[in-house]
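Shared chain: chain A. Partners: chain B in the first complex, chain C in the second.
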Partner chain A sequence: MFKELDPILHSQLRLAVVSLLIGVKEAEFTFIREKTNATAGNLSVQVQKLKDAGYIEVTKQFKDNYPQTTCKITPKGIEAFEAYVQALQQYLKVGG
Partner chain B sequence: MPEQTQENKEGTDFSPEESLQLIQSMITKTKDAVAVDSFYFLFWGWLVFACCVVEYALMVWFEYPHHNFVWWSMPLGGIISGTYSARQARRKTAMTYIEEALSFLWIAIGISFFVMVFINVVSDAWKTAFTYYILMYAIGTFVSGKLIRFKPLIIGGILNFILAAVSIKFNFANQLLIGALAILISYIIPGHLLRIRHHSKKQ
Partner chain C sequence: MADEKKMTEQESLDLITNMIQKAKSSYHETGIGSLLWGSVVSIASFLTYFQRTYEFSVGFDIWLIVLAAIIPQVIISVREKKSNQVKKYEDDALNAVWLVFGISIFALNFYQKTIPEVTAGIIEQEGWQMTKHYLDGSKPDEILKPFAPSLYSLFIMLYAFPTLVTGIVKKFKPMLYGAIIAYGLFIWSCFTRSEYDWLLGGAAAIICWFIPGVILRRKYLAQQQKHV
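And now, the complex of A and B:
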């Protein structure tokens, strides 16, 4: 039924991550984990998938001797998100 | 417990309505992440206010010749404010576009103050310095107020545009009092109101 919806984005956690990153310039892994209530393991896997798709950019660095992962949406990610929302709207129009 | 299939684990089984709800709830969460710290308004507000009033008293009532020494507290304020902001940056886990715009705005205003101090030292522009300082407060608070949609800052900014124009007609001593009034309505009052708003949101 949802054939046209981007399979990368049509996953609750990945969609949540991208929706969060749409609203901010950049966010740390801990921020995303806190807002999505996801487990670190599952979030890592989904973040990696989004990164592999080129939708987000992931930077790893050290802050006060602690490893820190920062995520940022890419122009390709923004485009995919917009296309996804447009597809959703079409479904809702047909359904409603 | 039965093992979750890869499909379920990824949570791909949900309707377009649920999708939209999820997007909306995440966007709302990033909105909450914009926390404008009233510390800077209150810290700089009270510091500058005290300097204006003390300098006025030293100059007019005590006729003390080195009345402008009070402004040496500004570099000290810069160190305190800078240390505080470095500590806050370490705790911060996300940066919104509004926060970024606000930080660049205040960095630009901070640099402008340095440039104006230099101009005041090498010329006699200090006689009308407060006109330009008040103009800077006006820009900073008006733009900040618009960005975070906080009326007291917007009103404070607008009133400061007017005070800047009025102040040029007064001598330096009276400009100090106008400066104190300007900082009271653009930093101190909105700063306290921002603090109240922040605390009431938390509860």
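And now, the complex of A and C:
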């Protein structure tokens, strides 16, 4: 029986964000935008969806009088990512 | 990057690999800290060697430039912290290693300055003295002050320690190889006259920090150019 792929993660931009965050302690919004080549508006929406799912933590603060948004993956996010990769591997084993 | 584009399983896996790789290779140190310490420690080491060998003085303790380098290092650290867009898991651990290294250098320096004086006091209390006596009688006996022999070898060993940790953790080969060579220089310094330790220490600073600093700086500037 195949595990169903997590719909929150099985979306190009959201998966890109979580994949970036999995390897770092935390990253600024501008860093994520630069690496994913996404527009600020689209990225904001997807970051909010990941936050609502409890997969990432978003901290907003001021740094040198400029607003700064920092994102960090949560333990729930790590768990979901691991489950997603396992499910992918299962599909690929059968497909390959 | 579009959001709702349907992906195949293989595309998902490729995207994950690509993003993890991007996060891994995205951040380069500016290299200024390595260049700074590589410069000041090698200059101080080489000048100490030349002062001792050719018996001249620059008029002040050249190692004060190492102490003075702490000020620009603090400014560099604050600026780098502000400009970093991403924080990696190993950053805190590596910062702690370098902090402990700095404390250890000062502790060893304290040892170097304190032990001879304390030993001299104990010797005086006990009523004896250290004497240099030539077995063939070619020169008259000389009274010696207590000293820590070939202590700079230990500094060379200390230079290698945080460099090796950083090289391993960051998978940064110039520091990894630099540290291994520095351990070799430490062993070499144990078999040489103490004045040559300064030369070997200067070489260790160049290999451990200055050369990796140049490489880091180039990588950093190349990355900055990509963003222009």
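Just so we're on the same page, the second predicted complex is superposed on the first by the 93 of 96 C-alpha atoms of A that agree within 3 Å, B and C clash if a C-alpha of one lies under 4 Å from a C-alpha of the other, contacts with A are read in each partner's own complex, and residues count from 1 in each chain.
By our rule, a residue touches a chain if its C-beta (ideal position, glycine included) is under 8 Å from a C-beta of that chain, and two chains touch if they have at least 3 such contacts.
Just so we're clear, the structure is a prediction, and the values are computed from it rather than from any experiment.
Visitor: When the two structures are overlaid on chain A, which partner does A:Pro7 contact: first (chain B), second (chain C), both, or neither?
Guide: first
Visitor: Just chain B (first), just chain C (second), both, or neither: which does A:Tyr91 touch?
Guide: Both: A:Tyr91 reaches chain B and chain C.
Visitor: Can A:Asp64 be said to touch chain B (first), chain C (second), both, or neither?
Guide: The answer is both, since A:Asp64 touches chain B and chain C.
Visitor: According to the stated criteria, A:Thr30 is in contact with first (chain B), second (chain C), both, or neither; which is it?
Guide: In the superposition, A:Thr30 contacts both chain B and chain C.
Visitor: Go through chain A and flag every residue that touches chain B in one model and chain C in the other.
Guide: Residues 5, 10-16, 19-20, 22-28, 30-31, 34-36, 42, 46, 63-64, 85, 88, 91-92, 95 of chain A touch both chain B and chain C.
Visitor: Considering only the defined contacts, which chain C positions touch chain A in the complex?
Guide: 1-5, 7, 9-10, 12-13, 15-16, 18-20, 22-24, 26, 82, 85-89, 91-92, 227
Visitor: Within the complex, which stretch of chain A touches chain B?
Guide: Of all residues in chain A, those touching chain B are 2, 5, 7, 10-16, 19-20, 22-28, 30-31, 34-36, 42, 46, 63-64, 85, 88, 91-92, 95.
Visitor: Which of the residues in chain B end up touching chain A in this complex?
Guide: 9-12, 14, 16-17, 19-20, 22-23, 26-27, 29-31, 33, 90, 93-97, 99-100
Visitor: So in the complex, the part of chain A that touches chain C is made up of which residues?
Guide: Where chain A meets chain C, its residues are 5, 10-16, 19-28, 30-31, 34-38, 42, 45-46, 63-64, 85, 88, 91-92, 95.
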